[in-house]
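Notes follow once the structure below has been shown.
Labels for the chains are A, B, C and D, by order of writing; each one numbers its residues from 1.
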Amino acid sequence: MKRNKLIWQPDRSKYPEHDSNGKPIVDLKSQKFTKLWQGPNHPGVTGNMSLELTLSGDEVVEAKTHVGYLHRGFEKLMERRTYMQCFPTSIRMCVAEPDSNEYVLSAAVEELSGIEVPETAQWLRMLALEMARLQVLLRVVPGIASTLSLGLGSQWGMYMREHILDRFEELTGGRIYHMYILPGGVRGQLPDGFKKRMLENLDMIDGFIKRIEDLIFSNNVFKKRTVGVGILKPEWVDQFGVVGPPARGAGFKRDVRKDYPYLKYNEIDFDPFMATDSDIYTRAIVRKQDLIMTVDIIRQILDKIPNDKEIRAKTPNVLHLEIPKGEVYARSESSRGEYGMYIVSDGSKYPRRVNLRGPSYTHAVALLEKMLINANISDVHAIMVSLQTCPPEIER
Amino acid sequence: MDKIIKDLTSRFKVTDYIQQRPNMAYVTVQKELAISLITHMRDIEGFTHFVLLTAVDWIEDNLFQLTYILNSPDKKVDLGIRVMIDRENPTMDSAHHLWQQVATYQRELKEMFGIDFPGSPRVDESFILEGWDDIPPYRRDFDTLKYAEETYFPRDGRGSNDPAEYMKKKLYPDEEK
Amino acid sequence: MSEEQNINQNNEPKEDKFLAEENKIRLVTGPDGKQFQVNPLDDYFCDKRPQVVAPKNKIIEKFLNWARAESLWVLGFGTGCGSIEIPPLLSPRFDAFRYGVQMRPTPRQSSVLIISGYLAVKTLKRAIRTYEQMQSPKYVMALGSCTINGGMYYDSYNTINRVDQYLPVDVYVAGCMPRPEALLAGFVKLKERIKAGNAEGANEYAEKFDWYKANQKKIIKNWNMPDYNW
Amino acid sequence: MSLKDLLTPFTAWKNVFEDSYVVKDPFNDRPGADRYRGFHKNDISECIGCGTCEEICENKAIDLVPVEGIDTKDGDSGLRPRVDYGRCCWCALCVDVCTTNSLSLSNEYTWVSEDPEDFRFIPGVDKKPWDDNEKGWKKPEGEYNFYEPERVHMEHLEPEARDNSFIEMVKGFSKEQAQKEADRCVECGICVATCPAHMGIPEYIKAVRQDDIEQGFKILYETNPLPEICGRICTHKCETVCSVGHNGDPLSIRWLKRYIADQVDSEDYKKVLGTENIEKNDRKVAIIGAGPAGLSAAHYLALAGYNCTIFEKLPEAGGMMRYGIPEYRLPYDQLDKDINYIKSLGVEIKYNTSVGKDILLNDLKREYDAVFAGTGLHLGRSTRIPGTDHEQVYMAADLLREISLGNEIPLAEKIVVIGGGNVAMDITRSIARLQNKKYGKVDVTATSLESEDIMPADREEVVEAREEKAIVDPGWGPEKIEIEEGKLKGLHVKKCLSVFDEAGRFSPTFDEENHKFFPADMIVESIGQGADLSYISDDIRDNIEFNERGRMVVNEYFQSKAEWLFVGGDIIQGPDVIHGIANGHQAARGIDKYLNGDLKYKSE
């Protein structure tokens, strides 16, 4: 990929002045700085969160993330619910991609209690997870462009996503909250004709990818706005715990599906895309390649999925499912990166402690605050979306 | 993994070693040695990816358990480090100088559990809650249902019957135990 | 510095501990070099109470209601899970524009506030402020179980159980989440109500202002803004 | 920047000519998918109000409320779930866990209202537009279950091994089996009302699950002082209403009870139950008959501090449990375990003392503060068909008693048993064993008036009898006994069409054309037993009310009109152990009240 070297750099000699530690000296009363609150009620913010930006001209000198607008106290609520009751609760932790929540909870519970999941259920789980990834990417890949007012791709993506949601409705009975993966297995077989309809949809999405390649990725405006903007330095990856597409865009080939294969991912042929340029455009490309890969994975899953009757392991009565003492950390790869759940059990039917490790938690707070410094105000939203921040998952 | 643990046992006196699965283990370490252990893991053993930091409230034992989960992207192994700290006066050394993101976790723990991490940036600023004046909500002794019912006007007109009790009332009301 | 502290001690407008830095009383140097005192809460906000607007002429009112019903401008403020179903609503498939529904970025231009699910206390404060900034006539639509009786989060310490205690709600849509079609049905119902002249939420808010304020202040502990700000 | 980059975005224009994607009529064009989780439906006639849906709901969205027109009865609490759509999250866990499969979700999803109070309704009772909607989420049939529908297999002795022995044939649960079985319980408590003794069934099953035997044992003794016995031979009416049984096998409640009782050593009873020190008072109660009712009454009276004396006609305690039930079902050592504990509480039993002969009821009235009579049904009833006066025609109750006493009974090679109840099965199977011992082969036929599906005997009894090579041939009404030259030749029967008339009264109809002949050398009648009330002298009898069927009339505390006399057990309720225990317990409460001056025969 050709790298655009002509990036406009502001004249740094005057403002802001820096102290000896290199920190900008911000004196709001000097009237040389503006404090701008972006969000929570702001169309340019993903979800319901806010950014407290200190601007010098149109350049950000200091950024603070404010979250908590969607805090429901899941980790507390789940301590009051039995393991089976936790599962409809847990999926609300991330609205955009609820299936990862279901999966990590189930995987953690199964690992602690030693439940073996039937083979068909594992494939169906994988199908649900990949479909969830697909519907998120269909929203996000063109979504990065729509933050720069290139809204058409987003409208197309939204329409493609509708088809996947329809397939979800057939398979799981739910449109947004699927509540499909539950401890022990899954809740339904593949419906009749599902494969055929899904393959048709995938063909449509193939066409869609071609179209957005033309519309967005070859678009000169998009390139101008994103190449070289929002650089994530490679040394930040470990420093800030960056995972998923942002890490892959920075030259770190990290993918839980490859590194710690769960379900049946070791029977699937795929190779996560990696790039090194680490700007918004690269992250968009990584996501687009993820999209292509996901379509391919779903085709492979549909090809290999066995047709057994057994879709849920025999568990003790779920009304009083007790889990042996212990602690476990289960992880999966969501569309945003490593998504894990840490569960501590004290041997009763309620979890002692549940903690969700979401990628946005670090991406949207510490990393975003770092990345926004020196960014142009008009790029703030694009940087946010390229990190795919998900506020409900940060504050849970 | 076993080699690492053996090394840690002699150097940092780690205890309660549990091999959760082939590539994941948990150990407990004393509060004083925790940060040096974590530094050792990061710099020498290659556990460069910080996964999470969270706390568990063992109110029966009057302890907070802090769990640091570290991950080695090269060896593809995880290590959970448990640190038990006193529940009455919970403070812990900050680890934000090792990973900048840890400051966020520590801010949340300060707010949700009341565990202090002196020196951590912005640790006293409110993170999620706004104007909270009760005990930190993630502590076990905070009853969220009671709080919600007292504060948020649940709708009237609800009320349920226990089948066994109801049948007793209907079919054999006079019989006492 | 010392002067500033004095001023703060002398006439504290509210409980100071919650007051944001920029809302505190402070001294400002004007362009002419003179210092003057600024009390943001008094100077920047208008705290006049909302007024009940009675319809004047029946026929004109009917016409106005028709006009209002046919152009529902929705504020793009996603307060909860439900906001995930609003973008599909505006996508080609559901095409809410044909119902006269479109999204606006600012409360000043909007007439419908969608409470799309649970409201955390922190968001409730913003939602109230947003609602008060909207121009009358204004309507509130509440989505999902959470707005009716707490929903999943009935026992959460940070989400309210009933929206009707804090804001006047015109239409409720059941579901978790409601599908886009259910949302459209909600808009249709809202239109019917407006056309029939029943959607008087703004007037109700003005009438029962004290009751609403008392409820709001009961749970928003850091009330650092005027009672009514628009 | 290349020219391509400038021009390619304009390729989007080619989509201008595509068809519109808009759903024309969003309210009708897009119904939910076949599995969509929409609004609730409930088949109100199937629902039993067990409350499992309420139990699993994580949002407390479901209340159980009484519904007009649905009565509380055995196996149906009369409550129905009311769903609050201000709470529901449409996870359909309530559907998946529903014990009767009555609850389901439709694929309807639009409900808009201006009134927040609207969103609360009783599915199936409050009429809704989606009640007839066939699609939507249903309990996935056979794909998975939230609790195990099949009961844990109880090990029995093999038919060959039990052919000629009276060793107990049900082996009992191991710890793992018991916990697995207990785990199936949904703790609804529907069974409690059906159990005559109202035992805390869900609680003791929970104790089994949590391996807290002592707690479970305490719960058993709260309402039932004979758990070893009941754990083996209870008629387990609770299992017939078990909500898990609607969609699978009911829980083995009886075997779980037995499991708890089996785990506790007889020496530990007092320690576990905390009855080492009971304060005694100086009042005395006489109890006639050491059967389940008498023992139960004695136990609870002894716990309350009364001095109880039981008068037993036969040489050992237990009544029908010892002398009516064969040993392979209820071993005597287990019987003694329960009885010895009751004796250890200070209850005195006078054996071989027949009230009415050795001591008069009037004497008891004089010497004791109150009297409880649980004398049971020991007189065999006859079919009174021609030929029953032949010497080779016997009564089942008599034979069973003789077997228990260790006496030899007359045993022919070919025997027919008349009767389809549990006693008939007991005698049939006892005879089968004895025949096997004596002749090396089994030739016993049991025939009953009732057809196979309405036979009063427990199903497994019939199955096991057949396993033991006895023939069970139900559905025949006995006609006459053929006697040739003073020798019994067999039994003539005719086909029985129905036993009860439409009003439920006993009034059999027969097919007069369809006859059958069972050849036999000996016939045993087992069609029920009657009470022997001859010990009640005439002066007392005048003070007692009898109903038209000759049974004594008592109030809810089993107090007869003569207020010092309490009567319970089989003579009031008909033959059933658990009823006897319940009566004894209730009578004990009554006696306690009576002696404290709080109880009159008629309360008004």
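Throughout what follows, contacts are C-beta pairs under 8 Å (C-beta built on N, C-alpha and C of every residue); 3 or more make two chains touch, one makes a residue touch a chain.
Here the structure is a predicted model, which means the values were calculated and not measured.
Visitor: With a step meaning a move to a chain it touches, how many steps does the shortest path from chain B to chain D take?
Guide: Graph distance in the chain contact network comes out at 1.
Visitor: Which chain, with its centre taken as the mean C-alpha position, is closest to the global C-alpha centre?
Guide: It is chain B that sits nearest the middle.
Visitor: Can you work out the whole-Å distance between the CA centroids of chain A and chain C?
Guide: 30
Visitor: So what's the Cα centroid distance for chain A and chain D, whole Å?
Guide: Once rounded, the distance between the two centres reads 56 Å.
Visitor: Where the centres are mean C-alpha positions, what is the separation of chain A from chain B, in Å?
Guide: Chain A and chain B have C-alpha centres separated by 24 Å.
Visitor: Where the CA atoms of chain C average out and where those of chain D average out, how many Å apart are those spots?
Guide: One centre to the other, that is 61 Å.
Visitor: On chain B, where are the residues touching two or more other chains?
Guide: 129-130, 137, 142, 144-145, 155
Visitor: Which chain C residues touch at least two other chains?
Guide: Only 92-93, 122, 148-150, 152, 154-159, 162, 176, 179 qualify.
Visitor: Going by the touch rule set out above, which residues of chain D reach two or more other chains?
Guide: Each of 21, 32, 58, 84, 86, 89-90, 116 in chain D touches at least two other chains.
Visitor: Applying the document's contact rule, which stretches of chain B touch chain A when the two form their complex?
Guide: Interface residues on chain B, with respect to chain A: 18, 20-21, 23-24, 26, 48-52, 54-57, 65, 67, 69, 73, 76, 78, 80, 99-101, 103-104, 126-130, 137-138, 140, 142, 144-145.
Visitor: Write out the stretch or stretches of chain B touching chain D in their complex.
Guide: 155, 157-168, 170-172, 174-177
Visitor: Which residues, counting only chain D, touch chain A once they are in their complex?
Guide: Within the complex, chain D touches chain A at residues 1, 4-6, 8-9, 11-12, 15, 21, 32-37, 52, 55-58, 89-93, 96-97, 137, 140, 142-144, 146-148, 183-187, 209.
Visitor: Using the touch definition from the top, list the residues of chain A that touch chain D in their complex.
Guide: 81-82, 84-89, 152, 159, 166, 169-174, 177, 179, 184-185, 187-189, 191, 211, 214-216, 218-221, 223, 309, 311-312, 314, 316-320
Visitor: Using the touch definition up top, name the residues of chain C that touch chain A in the complex.
Guide: Of all residues in chain C, those touching chain A are 22, 28-29, 75-81, 83-85, 87-88, 91-93, 103, 105, 107, 118, 120, 122-123, 126, 130, 152-153, 155-159, 176-177, 179.
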